[in-house]
Structures are given as C-alpha cells and as structure tokens.
Amino acid sequence: MTGRPWNGRRLPVALLGATGSVGQRFVALLADHPWFEIVALCASDRSAGRLYAESARWLQTSPLPASAASMRVLPADPARLPDCPLVFSALDAAVAGEIESAFAGDGRLVVSNSRNHRLEPAVPLVVPEVNADHLELIEVQRRDNPSGGAIVTNPNCSTIGLVLALKPLQDAFGLRAANVVTLQAVSGAGLPGIPSFEILDNVVPHIAGEEEKLEVETGKILGRLGERAIERCPIVISAQCNRVPVIDGHTLCVSVGLEREAAPAAVRDALESFRGEPQALGLPSAPARPVHFLDAPSGPQPRLHRDNDRGMAATVGRLRPCPLLDYKFVVLSHNTLRGAAGGALLLAELVAARGFVPGVEALDRFTPRVG
Amino acid sequence: MTGRPWNGRRLPVALLGATGSVGQRFVALLADHPWFEIVALCASDRSAGRLYAESARWLQTSPLPASAASMRVLPADPARLPDCPLVFSALDAAVAGEIESAFAGDGRLVVSNSRNHRLEPAVPLVVPEVNADHLELIEVQRRDNPSGGAIVTNPNCSTIGLVLALKPLQDAFGLRAANVVTLQAVSGAGLPGIPSFEILDNVVPHIAGEEEKLEVETGKILGRLGERAIERCPIVISAQCNRVPVIDGHTLCVSVGLEREAAPAAVRDALESFRGEPQALGLPSAPARPVHFLDAPSGPQPRLHRDNDRGMAATVGRLRPCPLLDYKFVVLSHNTLRGAAGGALLLAELVAARGFVPGVEALDRFTPRVG
Amino acid sequence: MTGRPWNGRRLPVALLGATGSVGQRFVALLADHPWFEIVALCASDRSAGRLYAESARWLQTSPLPASAASMRVLPADPARLPDCPLVFSALDAAVAGEIESAFAGDGRLVVSNSRNHRLEPAVPLVVPEVNADHLELIEVQRRDNPSGGAIVTNPNCSTIGLVLALKPLQDAFGLRAANVVTLQAVSGAGLPGIPSFEILDNVVPHIAGEEEKLEVETGKILGRLGERAIERCPIVISAQCNRVPVIDGHTLCVSVGLEREAAPAAVRDALESFRGEPQALGLPSAPARPVHFLDAPSGPQPRLHRDNDRGMAATVGRLRPCPLLDYKFVVLSHNTLRGAAGGALLLAELVAARGFVPGVEALDRFTPRVG
Amino acid sequence: MTGRPWNGRRLPVALLGATGSVGQRFVALLADHPWFEIVALCASDRSAGRLYAESARWLQTSPLPASAASMRVLPADPARLPDCPLVFSALDAAVAGEIESAFAGDGRLVVSNSRNHRLEPAVPLVVPEVNADHLELIEVQRRDNPSGGAIVTNPNCSTIGLVLALKPLQDAFGLRAANVVTLQAVSGAGLPGIPSFEILDNVVPHIAGEEEKLEVETGKILGRLGERAIERCPIVISAQCNRVPVIDGHTLCVSVGLEREAAPAAVRDALESFRGEPQALGLPSAPARPVHFLDAPSGPQPRLHRDNDRGMAATVGRLRPCPLLDYKFVVLSHNTLRGAAGGALLLAELVAARGFVPGVEALDRFTPRVG
C-alpha cells in the first residue's frame, strides 16, 4: 500500500485550526502525504482571508511548505468549504465542540484532536493499533445524522503513549490497575502555552483536566465495543501530571497490576511483539513497531527517543518488578506527533482505508508494507 | 535557645569534603552559625595545603565567607586535625566509608551526609523531626568504640522530603504503602554531576541507586527503636526516580495507603500541625514548621517554594483522593539545604543539644524559640 | 538615614499596574519599606474590586505580604485614589501614557517604569547614581502643570546596567562609542511574556524596540542638564539584543571607546571606586557599591551574581583591551530589581529625599549610612 | 557526482577519537556515506579492544548504526591500523597534536577537527566554500614528509559560521573590521563538557581560548595563499564568547566594517548569491547554499534554523546598518554539524575530489549536483 490508492488521486482534505501549534504540525505532515492533499486551511475569523504564511507564526523546525504558505485562510464554516469529505480538526477546545458538529452535520468525516466529543457514547476514541474496531460506532452516529458525516477522535496526548504500552499487557495478562505519573513537554500546552517565566528551572505539578482525561479516556479506549457504545475497561487508574521544561515528548512513569502472573521476559516479549492494524495494513504514517522496547539503563529520554520511528512509536524502558503492583516501567512518546497531529493522521488513514469516508471506497486489496 | 549556649563559646567543628557542592553549602551555612565554628576544612590530598578560596570553585549565590576563603585546606586525616569533637562529612561515597570510620575511631562525633554507613544497624539514620529517638543507637556504637566517637547519618536528599510528609500520616493513621515518583534537581548529583548536554530539553528517568535508597531508608527512618537496632516499618514503597532540568528542589508525586480511614480535612490537619523535636527545642536551623501545607491549585513548585522556611521545610500540596491507594499529593523540598547540608546541620544541632558530642554537655534548660 | 524620616511617618504611596510581573516586585519590595507605605493597589478594570490575592497570580519566590493580599484592587483613576502624593507606575506601555499623565495632572509625583514618557524633553530619565541632577527638569514640567504633579522615569531594564558601568568611565576618560550585545532574561518580557516553546533550547536574537531604547536612552541619561531639556551625550552606541533562557539578570557584552587614554588599572579603579548620590545620602534601597568589580575568569553570571547587593548592583567583569575600540567587559544587572522595581524605588527615595514630592519636605540633615 | 566515484568503491577511512561527542557525530554521518567507509574506530587505550557499542555512551538522536556498533575499538596507533589513506581526527586537544603527527608521518592524509595544528604555517585551515585554494599548502608539508601524509584542519566551531558570512562581504566590498559576540551551545564543550548546575538559568560569559581562536583563525582563513604559508587578512576582529543553555547551534551577533560603500540590497545579494567550490563540485555533504538569508524579524534562532540544509548552512538574518561600523547581523550555524564533524567531512570530500589523498586519483570529470 505504498504509493497512492484510489487510482493515484489524493483525497482532498480540510484542516480546522490550521494556525495553532498542532495545526502547524498537521500542515508539515500533510505537505507530502501520499493519500491526502490539503485544499482548505481554516482558522479564526481574525485570520480568514489572509495568506497562511502571514497568519501563522511558523514555529516548526522544517520550513513552511510553499503550497500551504500561499493558501488563503478560510473561516471554519462548512458552507464556505470546497468539496472535501475528510476534515482534520486541531481546534481549540473553546470552540471545537460546535464547529466539529457543524461539519459532521454537513456530511464530513471529522477526525478531531480536540477533547470535546471524545467521551460521547457514539464517538469513537481511537488509537489505531489499540482499538480500530471501535470505528464501528461511526454507524451509530449515522443513524442520527442523515448527511453521512461523523466524528472520530484522537485521545489526549499523554493517554496515547499510555494505552500503546498497556494494550499488549491487557491482551496477554489482563489489567487490574495502573499508577501513572507524567512529565509532560511544554508543546502540549499549545501556543502561547505556558510562559517561560513559569517553567524555566521549574516543574509545575498540575495540568488542568489532564489527570481526569488520562483516567477516563484510557478506560474507554481499552474497553469493549458494545451495541451502541463502549463498555469501559474496569482498570483502576490513578494519574498525577506534571509540566517540565522539555520542548517535545511526554515521559510517563507507570506501575501496572496484572490479572495473571507474568514473567519479566513474557512482559517484555508482549511489548516488543505488539503490532496492530496500521502495521498490518501498512498505513503511510504507521510506525514499523508501535512500541520500541529499550534495553538500556537510563532511557527512554525525550530528547533522544521522541523521534523514534518518525515520532510515531512509544518507547518503553526500565521494565522492572514493582513492590506495590506487578511491574513498573517508563513510557515516552512524542506529544505533538504521535500524541496529536501524527496520531490523528494515522487515524484518518485507517478511517479512509476502512471505507468510512463518505464517497471513498475502502481499500480492500492491501499490499502490506514490510516494516 | 536563641543566642549561644555553652557560655557563649561556639563548638569547634571540622568539615570533610569541603570543596564539593554539598561542602560549599555547609561552608555557607556555617559562616554565621550561633553554635558552631569551622576550624578545619578538609578535602582531597590534591587540595590539601592550598587556600580554600583557591581549591573550591565557589558556585553558591552568596559570596564565599572571608573566614573560610583564607583557611588552608587540610587532608582528611584525624591525626592532622585540630581539637574538635564534632565533624561534618560531605565526602563522596567513593571514600566516605573508611574516612568517616577513622574519625569516629578517633573519638569524633561524625555527622555524615554520605550513604556509606546509613544502613548499618548501630548507625542512626535520622531526620530530626521524625525519629530523634533513634540517636540512642549512638550508645550501641560506643560499646564497640572505646574512643567515644560515633557516626550519625542524614538520609538521601529525596528521602527527607518523603518522610517529613509521611511521618504525620503514620502517627495519625498508620501507613500501608506508598508509591513515589521523583523529579529531582541537578544539584543532587553534585559536581560536575550530570552534563548539560544530557539534561537540557530532557528528562533522565534513572538515578543510580536512588530508588533503592528511597525504598530502604524510608523503612528504617519510620521504624521503631529496638535494643540494638531499628525495627523497620513494614510500609511497602515503590519508587521511580527522574532527573529534570531544575537547579535545586526535589518534587515528589506521592500516593499513600493508610491503615485507618481518614477524612481529607484530617489528613491536611495532620500535615499542618506536625511539629518535632527541633521545633520544641528551638534549634537554630529548625524551620518554624517542618511541613508547609499549600492550598493552591498548581503547587508546590521548586523555583517558587524550595526556599520556604530558609529551605528547611517540606512543602506539600495538591492533596486529593487516590483511586488506587488512599491519598495522593506532591511534596517539595530543597535537596541541598533540607536534603543535605541544612538537614545535617540540624541533625548536628540536635546531637549537640542532646549531649551526644564527646565532652559537650547537653542543653537541658531550653528556652524554646517562638516560631 | 536609617530608620524613618518625617517624624517616623511613612509616606502613603499608590501602585499602578500592581498585578503584573514588575508590579509584584514592587509589592514585595514595598512590604517592609522604612519610608513608604502602600495605601492603594491599582490595576485594570477587570481586577478592580477584587482582593489583590485573587487578582494577582503571585509568582515571586517570597510569600505574598499579608497586608497587600487583603487589599481591594482599585481602578487606575486618580479621582478614586486616597490621598497620596507619590505614585509608582508599573503599567503596560499600551496604557501607561495617558494614565500617568492623568495622575501627574492631578498633582501626584509619578515614578514610572514605563517607556511612554521617557524621551519627553521635560521628563527626567534618571539612574540615581548617574544623573540625579536631571531631576531639576521637574521644575520645567511644573511650569505647565499648576497641580504641582510631575513624572519622573526609570530607564529600560538593559539600559540601567549599561549606564552604571559607563558613567565612571565617562567621568574619568570621556566616552566616544560603545558596542553592546545583550543576553536578556525572560522576566524582562513581563507576563505572560515569551512562551516557553519559543525559548527552551533556544535564543531569540530580537526584542522589539530594545535596541533603539538602549541607543537613545543612554545618550539622554549621560547627557548634560540644559535650561529646559537634556543635551544628549554624543556617544555613538550600537546595540544588539537577545533573549536567552534565563529567569532573571541581563548580561551585556560591552566594548567601549574612550576619549582619553586609560591604563587597565585606572579603568578598574574608576569602576570600583564609583559612588553616587544614593550612597552619599544612604538611601534605603541604595547598594553599598553601585558597581561590583569581579576579579574572576568567568563571571559575572546571572544565576550567581544577579542578587549582589540585594539585586541593586551592576557587576562588571572580564575587563580586557578591545582590538577594535579600547576596552571590553561584561556587565550584569538584575532586570526586575535594579532594572525595574528596585531602580524605580531607589529613584522615588531620591525624589522624596530631595523634596520633589508635593507636600513632603526635603531631608536635608542626612546621616549617611555606612556601606 | 551523485552516487559513487572511483568505480563504485568506497574509500576506507579511520576515525580517531571515535567515542567522544564529535566522534559520535562522525559515526552517524559516515554511516551511509556514498564515498567513505569506516574501517577503523580508534579511541583511548581504555576503550581499545571493546566493542564500540560498549565503549561509547551513544547520545545522538539517531540510532547507533549497526555496522559501527559491532566494531572493536582500536588504539590510536598507525601501526595497528588497516590500510586506509584517509583519517578523521576528533581527538581531544590534550592528545591530538602528537597522534595526528604520527598518522601524517605514516603516510595518511589526516583531516582534523582539533585545534593543535591549525596555526602551523604549512597546515591548511580550510572552510571549503571559503578558501579551498589553501589546500595547496599540502604540497609544502610533503616537502618535509617523504611518507606523503599530511594534515588539513577544520576551524573552531564558532569561526566557521563567521567566515561563511564574512567571505561574500570580503569578495564584494572588502573587510576592515568585525565585532563578534557569540552565544554558544553546550555541545561545543564536548562530553562531559559544562555541568548542568553551571548553565541552567545561566549564561557563562567566558569560553577558554575561544575569543583568541575566533580572532586568529578568521584572519588565516580569509588570508591569501603565499609561497609557503598564508598571508593573513588584515581585518581587525574583536570577539566576546558566551555559553548559553542551548543544545546545538552557535548564534553570533556580528558588526562589520567594509572597505567600500555598500547598499543594504547589495550586501543581502552578496550573502544570498554566495556559492563555493563544494556547490560547484556537488560534494555529497555540501549544502545547496552555504548561506541562507532569512528575511524575518526575529531569526535566525538555534532551535528553528540549526538544521537548515542538513545542518550544513549558516543562516544570516537581521541585516541592518550599524551606527558604529557599517552593518550588523546575526549568524547561526550548527556547531557539531557544520562546525565540527560535518564541516570536516565536507573538507575530506574536497580533499579527496582534488586528489590530495595518497593513492586516490582526483575526480576531474564532475557532474555537478543540482542544488
């Protein structure tokens, strides 16, 4: 499935919230995407009508793609949008709820990175390697939405790394409980985000709403697909979240309690051999391995390992027995790649390949990529 | 007990490991100490014979005290030392074991910040507010040491903050278990310590030996004084330790399981009302309150709160129920003040006031300081 | 002049812009001030009416003074202000111009840290050790302001360190030219200031308007008092300004061209022996020495030396010949203490002592403080 | 000249100082190099005999190449080395002098990143775009070295960025003088380098020997090739060097005095249109453009622009008139890529292409790469 499906035609896509921090990551990732082509960059009314190059203060380390630079920013209004069935949302939570609903009501398949709709019963909250089957909920949404539009969501940036590490353990040994303490990068707060005066030579041991998201979203993602909703996984989770002076990459110190006994080698093997649907399908943004197991005394570290597998892998290290639960380990993942724009892009690839995008046929003859 | 006891005479003290990071903190703290007066600064043979101002690369934010600057550094050899019964050790663990034993064998009361002797059965490992009674073990040491010398030790820098927060909970509700994840400052690694290339824009999720120290030392400090040794507290502790780009101040994310049920207000009250022997005695380096309870959404933070009560208090905040154990909270303490030089100095004050220093009478007529 | 002049009564003062970064520094510094007493904290209409403790997110390392915490914030309107002839302004430049004029028009002596009025011909721009005589311009203002009010200003935070180092050289050898490259702390940008995502692991080689301020303000401060205005010093200045990931303390790399030949020892001596009117008068906030000369190979450094003389001294080091001009050296000063709130406070002390505050008699019988 | 010259055979090369910071960069860059193949990794006697994976603590963000990981480290002794005429040196200056001479005396062409031989009259100090003609000095060396070996050197990491920006100005307008203030990344100090305790929340305004290197090396590189040595360029340079808390990327604030008048557009054009021999030859490591001119208000910035053109370009921005000299601007270059391993690699490519490597024919039929 390298190269371009759909007879070589790229699907036209729109991006909501294009000028923000995550929006910029989307623009960078979509610049040369083999399947998708940006046809509309939408932002607040303040930016609408201006060139993208002028309305976004570009803060990526790769240059602003010329094709995006010269696009004129549109307002986030489905009536103003060119014909494109797939829409990415990097909107701020303050406005995402209504706008995303409007686009879904207008027949678009919205892949959202915002938190607003994540916990609605009929909205899939999906990490493609973990719970691709939850996408079936799209059909539940469509029962009430004659336009054929729908919303699918990407979890919170710290949740993604956690569930990538927990899923193989759930499958192999069952999960009872997890304690998670995060050390989160400043890019997770968006722009302007946290003032430098508050984080240099400092730690802020609080991120509004983050602990709740980790505790609640994890249960939904690891849950079982029911008739009209997800049956939450009964795992007990306790989270403490900290902001640290790191640019990119969330580090999680995790302790897990398993349902069945497991030898250290078996735990490691479960993590290392874990593969999911994106790997089976060879989706363009799929990491070769969703979990990299690091056999080194003092890793993973955000600066050294956040870009593993193009920033799309979670790296797990320091696996050892836990005196309190069963095992403890450290998980690292890139919060604006795997944890935001990259994760949503992978989800969109899955959604498109599965045929959930209105008017776009499923790709059923895959040539799996060799990882 | 403000002013000077012992008829106004200050006790002559020596300092081993005077040029290192913790050694410099000792020099700064002892400069105007009402009870103690430095009469000897000892360091490695490489430094011996040189002026202190020339052999220590001074990295404190207060100026190098003139009295110390002009002292000539001595080798760490008891035979070369002037008459002083009390000796502070800030020696590197690579050499501390033997040297401290030599000084104790020579009749000195050694107050050590090094880890080497901490776990020996007859060596008190003391946080003055928590287990002042453990000093009785000094008598056990003296049964085998006719010189009258002895060793008392200060715990590891991250352990001190933890036990200051745990002790009031142990007293009020009993302790079953604790999960601790640390975010530790770079000054804890001494000098040269961790290279800047490894910690800027980064977290290192490993500190050699630190997790073991936290798990083991805590059990000893919270234990019960037995006949010839400490009966360890049976609390189960699981620790994960991280180095973060912070200059001073260790932040601990703690979850605790209690033996008896406790309402949030009772837990808070136990922490806020906690006082120990240093407060009762009014020791010169005692904080007014060993635990500061912070009623704010996003603290404690190292840069803002490490200097609370002259860096001698632990600040506790974000107290809330834990889905897994009973309560979770954040503890912050200054690792080179309360967690090293300041803590050892407070311990020495306690040791001196209690009459454990050879040839120095106990101070039994205290005028407790008003905090 | 220790203790309190004016028969022990403290002068009532108001503070405009009390909730911002510099405003908070003022509140901390004025908490125990021997001469001044805050009677009004003013801020934006959004804050007015609320308790100061609730409207300011306190980010100082010292605790919020209880007296300020419980004050109710007032709007920045002279008609609403209690009787106080002296007003500090830490207002944002977006609003400072008009508000300060309104207070001056209402008979108040405004000591401003904002840039708006600095370059007006009749407004003194004063560093107390450097150009105390420029305060005579207050009389020029009063010719047009029958209320008796006036505005005096404190220079830009990076200018202050520069002129403290240049003034003794001007006096001793004359000044032809200076090249200045700054490395400025993030606190200089106020709150929220520069986002952490833009400064971690980074340098931003641009600060809007800063280079112009350095070039222009320096010429005015070092200039000569004329009849109705300042005759600018003809020194040629070229400045380049950078923001660096430092909390507090601006570092300046300076090269100077002198009018007369000067031996290195003479240059050093000029810097070390420099004293000004604040030292002569023993003003409460005056540093013992306005310039600390550092005889060390690798200083001054912001973290180690910004708090010299309670943050009120400029520290100069690395004096050496310059192949291009005559000498080069490094100057460090604390940008929110000496460079903002502390500098303005010292200026207010000078203004009050000199009798420029309406209704407050000059202090002509000084008992100079021993430095 | 894409693909492999010399009939597709890669030249065997050795690397001295392979385990250090710059050594690791060499290993990463040489992993897939089209012309060169590492056949020997040499390091101190302590490492010799061990696997490279075990003796180097790998701190690059790209994974350790498998081919290097499994090589056994050799001592830095020419007699122990396999047959390879080209040798890279990333040795510490403490030992580089003698070892490099020994390899040159043994018939090897040594491309060195160390400072030891840079200023010797017969040793070329070369930035390939700037002074490729200086390589003729190799013949001068060979008059005294019958083995046919020779040493060529790469300048100091901060000098490279400076001369890349100065050379086009020298060519177009002549150079009188330059003032340079650097803000240098911590990776420039190697490993362990500067302790984190000394650079977090800090600036160190001194780097031993760095200012002299900038002043002296620049004159040699911009000089004219004479009979047996370089005639130094008479430009007057004054440098001040600072270490800042940045991982990679040296920022230079430069003011220049030109010999001939130049309009701003002409200066910009000279910088933008600058190309050198590496671009003409299409050398594998050559940047498309050695100088990137940035037309943005607040750049270049190390985190955003250090990787421009794979870290091999200098980025110049903020060009504006200088009140003191003629123009001022900011230059940024990656100190361990362009400024060390990458620059030395480009130099080796030039040396090989020109036929200076013993036994390797010059590449005279180039197919210039399209930039």
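Read from first to last, the chains carry the letters A, B, C and D; within each, the first residue is number 1.
Going forward, a contact is a pair of C-beta atoms (placed from the backbone, for glycine too) under 8 Å apart; a residue touches a chain by one contact, two chains touch by 3 or more.
Note that this is a predicted model, so its numbers are computed, not measured.
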Chain whose average C-alpha position is farthest from subunit A's own: C
Subunit A and subunit D: spacing of chain centres that average the CA atoms, whole Å: 40
Subunit A-subunit C separation of Cα centroids, rounded to whole Å: 49
Distance between chain centroids, defined by C-alpha means - subunit C, subunit D (Å): 44
Sites on subunit A at which at least two other chains make contact: 59, 200-201, 245-247, 303-304
Topology of the chain contact graph, where touching chains are joined (line, ring, star, complete, other): complete
Subunit B residues within the subunit A interface of the complex: 177, 179, 181, 183, 200-206, 215, 236-238, 240, 242, 244-247, 251, 253, 255, 297-304, 317-318, 322-325, 328, 330
Residue ranges of subunit D in contact with subunit B within the complex: 21, 59, 186-187, 189, 191-201, 245-247
Residue ranges of subunit B touching subunit C (in the complex, touch as defined): 59-61, 200-201, 247, 303-304, 307
